[in-house]
Amino acid sequence: MIELTNISKSYRTDTIETLALQRMNLSVPDGEFLSIMGPSGCGKSTLLNIMGLIDEPSEGRVVLAGKEVTDYNGSQTARFRNEQLGFIFQSFHLINDLSVVDNVELPLLYRRVGGKERRRLALEALERVGLSNRATHFPNQLSGGQKQRVAIARAIVGKPNLILADEPTGNLDSHMGGEIMDILTRLNQELGTTIVMVTHDERMAKKTHRLVRLSDGERVS
Amino acid sequence: MIKNYLLLALKVLRRKPFYTFISLFGISFTLMILMLITSMGDAMFGANQPMTEVDRMVFLPQLERYTEFYDTTYTVDTIAMGDGTIRLDSTQEVAPNGNMNNSNGPMSFSFLDKHMRDFTDVDDYTFLSDNSFTDAYLDGRKVTLNTYYTDANYWSVFDFKFLHGLPFGSDDVQEANKVIVITERAATNYFGEVSAGVIGREMELGQEKYRVVGIVQRPLKDDDTIAGDIFLPLTTIDPRQYANQELQGPFQAVFLASSPGKRESVKKQLEFFATNFVMPPESDFERIRLYAGTAMDKFAATTIQTNDADQAKLMLFIPLFSLLALFLALPLINLINLNVSRVFERKSEIAVRKAFGADSRDILYQFIFENLVLTFIGGFLGLVLAFLIIRYVNANDLIGIVRLSFSVKVFAYFILVILGFGLLSGILPAYRMSRTNIGTALR
Amino acid sequence: MLQHLLKLMWNKRRSNGLIFLEILLAFIVLFGVYAFGFYNLDRYNSPLGFSYENSIGVRMDIPDDMDTLKIIRLQERMLREVRQVPGVASTCFLGPINPFGGSTWSTGSDDNGFHIQSLMVFADLNFAETMELQFRQGRWFTEADLSGKYDPIVVNGKFIDDYYPDRETMIDSVILINGEKKIVGVVEDYKYHSNFAENRPLTFFSEKNWRSMDNGPFEQMIVRAEAGRTAEIEEPIYNLLTDLTKNPDVVIWNMAQDRIKANRPITIPLVILITISAFLLINIALGLFGVLFTQINRRRAEIGLRKAMGATAGEITAQFVGEILIVTAAGLLLGTFFTIQVPLLELLPIPARFFYFGIGAAIATILLIVTVCALIPSRQAAGIHPALVLHEE
């Protein structure tokens, strides 16, 4: 699913150059549930951003779903993200001005799916996270755990092959975090979706297939 | 997709009533002003009845008689020659010293009749006098009527809209028949009604009685070639005026060139005529000048009160447009400022959209579209306000020189104005939004 | 503290650019409106100097084929008979330049190396009485003056103030203005164009003078009615004059209405300008309020931090208001630089003080609006509890 070869990433300001990733190699097979851990500033978010085509590596090759995506331009990455990827964020990032179901429909909107079909798929995704009764609510009427479940529904509504989750349980208490992990695990098992998750929480990481640890931009395990 | 943008836009507006109010207030007021300006511009410069052919018209409102004063300058140069003798060179120069005697004013009928009939590139022309006012008293109530004396061609050069009846013809003019065409306003003031029944009734002006043959719709603008309340055959004017053999009198001329481009040719011919005109020997003046110009020339020249039309146009329109630009820039900047400051609020929304597959163009379109929706709502409010003001101004003749026009054409201009305003105020903020970087926005 | 604020504003110059531009343009617009408004208010406050409230104007067409003597007889008869119309208080004849009529005659003369530019008005012997002119010195011309060696003139106060300010009296002085003329009287004011006209030097000439310039007879009258009877005298006078001139071309107008019409070229733009400016100001105020509200709310973390470090709510408010005032001051400074060129370079023929008034008033208005718009969101934000904000982040 993911093939990262010799990835380096450095951020340059006027005076200093910061190395966020150094010659990273990582391969994630289809259907794997992988977690990434490491202290703050170790480069795990950068790594996730590169996998999500949100950031470009300074050096190295990125192959996603069998496609060489290193040199994709803006609209190509947009289409690729739309069709192949789903994102889940630590602070949910739901659009407050849209109702729950409208939020979930969002990826389909940019895939030019018809209105009725969009609604059907969105409700189906909400069903999967157990929130179909909240479809017409607005995000600020929901609890943190519910918000994250909406975010998951949004990530899976387009049936992506890869879900990238950036500390999905970081803003939740352990009970709600557990629920979210259960949903992700079920997705991985039932739909075979590949999931890469960044986390700070050992207990969560233990529930995944494999754990990669980073430190100072390098893999340590 | 459009429906989606529309729904989203409306949702956003509803959820931020404070911003929506501020934006709408500015937009609707600004657009109302723009609409009033459009409406006034169309009334003044648009090809409306009775000046549908305004693009082909050349106006000759007045003639100037003048005598330039010359200074004769003798210059004597004293040159000391090599052999000690002195040579005197004298030169004599005659140059205008800037002073002149002149007299400006409209022309006599005899002058126009004799000299202004045979120009090429002219399809039609008319002579008219707009100088008189007639007071008529009805049961102690005074009706002041701006009285025009015209020829029969007047009605073909100016396509007045006849509500009832017909214009008078060349027979009426030749035989000096006591017939009269009146405007709807004159009909209301004098007869108390505007109806086919007024045709054939008599109007008493001084000691004479005139039979009404037509009622025309009052023009939007008060141009002095069309602003009459009543129109009479020019042969019924005071006989002394009609026979007057002087150059100046109460008449002016309007020519209809065969095409807009031929107006220059007509102006040139008039200029040529004036330069070569030989004054009658008993005249106090030596030469004449004819101030012929297009509608725009004439408007600028009378507004600025100068005779040089080109300079007048610069002096009129440059300040006018800069003033307009200034008044327009403020609400525009205000709206842009408001929109830009809200970019931040919606950064995460944009980043999420991008993460789920929107590209920059999608975002750009979305925000331009949102702004257009807002502008159109504001525009609609502005339209309603403008419409009410136009009705009020016209009903009370508040501006005096012009009544505002409102028609399908003006409405179409309004839509263009709204669109332009929406795009101008939306593009910069939308562009900034579309450039949002996902990585930094989604922490 | 000021330096700290300046640095902060400079670092945010991009986001403040639009506010700066807005302030600059608003200042220029306000400057123009205030200067125009003050100037015209000043004009309006200077007196007209004649009565118009109960008067009507009359224009007639006296047949051209009559000889001079006959015309004089006819005019005397007109005056006599018009005076007998019930309700008429006084009447006179005057030349082509009538109050509020829109025409201007002006003459430039060289009085012994001294240039005199003066407006010209021609009127008969009854004019001062009908128009109720106020005399500063001397009197109106009389029958006796007309047969004197020099033609008599009456000038206005501005004429004396401008050209002979140091002379104790100019009565009976002979000056060169279209030939040698003797001043017999000085009226306070006669601002006949409109309320908004400039008070300019002006000279009244007699009918004798008018005729000597190869002109036809006077064809305009002014009739002053007794208070409240203006409307009822119109028709009898119309009938009387059409009979006497044997010509229906007699036009009567109400001078009070004519005054309003003559003021229109100023009142209409003034009303439009003031309305538009008022709405622009409300618009700007609301917009500014919205922008500042967002900007200040965006900085809740900063506020929390500053408060945690010991800043009081008052200090925070002062800081935000101060910040926006710096941007405003920059805009006003640049705007003043531009607008002050108008009086300095004398770009417009209007006394400089009105432009300085305009600058002052525009600065005051904008400072007021900006302060109010900044104060409300700042105070609200300054009330935030620091722990709350820092926790949010």
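Each chain gets a letter, A, B and C, in the order it is written, and its residues are counted from 1.
The working rule: a contact is a pair of C-beta atoms (placed from the backbone, for glycine too) under 8 Å apart; a residue touches a chain by one contact, two chains touch by 3 or more.
Keep in mind the model is a prediction, meaning the values are calculated, not measured.
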{"item": "Centre-most chain [mean C-alpha coordinates]", "value": "B"}
{"item": "Label of the chain whose CA centroid is most distant from the centroid of chain A", "value": "C"}
{"item": "Chains most often in contact, by C-beta pairs", "value": "B-C"}
{"item": "Rounded Å distance between chain A and chain B, as computed from the means of their C-alpha atoms", "value": "64"}
{"item": "Where chain A and chain C are represented by their mean Cα positions, the distance between them in whole Å", "value": "71"}
{"item": "Where chain B and chain C are represented by their mean Cα positions, the distance between them in whole Å", "value": "26"}
{"item": "Residue ranges of chain B touching chain A (in the complex, touch as defined)", "value": "1, 3-4, 8, 11-12, 15, 348-349, 351-362, 438-439, 442-443"}
{"item": "Chain C residues touching chain B - in the complex, by the definition given at the top", "value": "15, 18-19, 21-22, 25-26, 28-29, 61, 64, 234-235, 238-239, 242, 247-253, 261, 264, 268, 276, 279-280, 282-284, 286-291, 294-295, 298"}
{"item": "Complex interface listing, chain B residues touching chain C", "value": "18-19, 21-22, 25-26, 29-30, 33, 132-135, 137, 140, 142, 144, 205-208, 238, 240, 326-327, 329-331, 333-338, 340-342, 344-345, 398-400"}
{"item": "Chain B-facing residues of chain A, complex", "value": "49, 52, 54-55, 74-75, 78-79, 81-83, 86-87, 89, 91, 93-98, 102, 106-107, 109-112, 115, 154, 158, 166"}
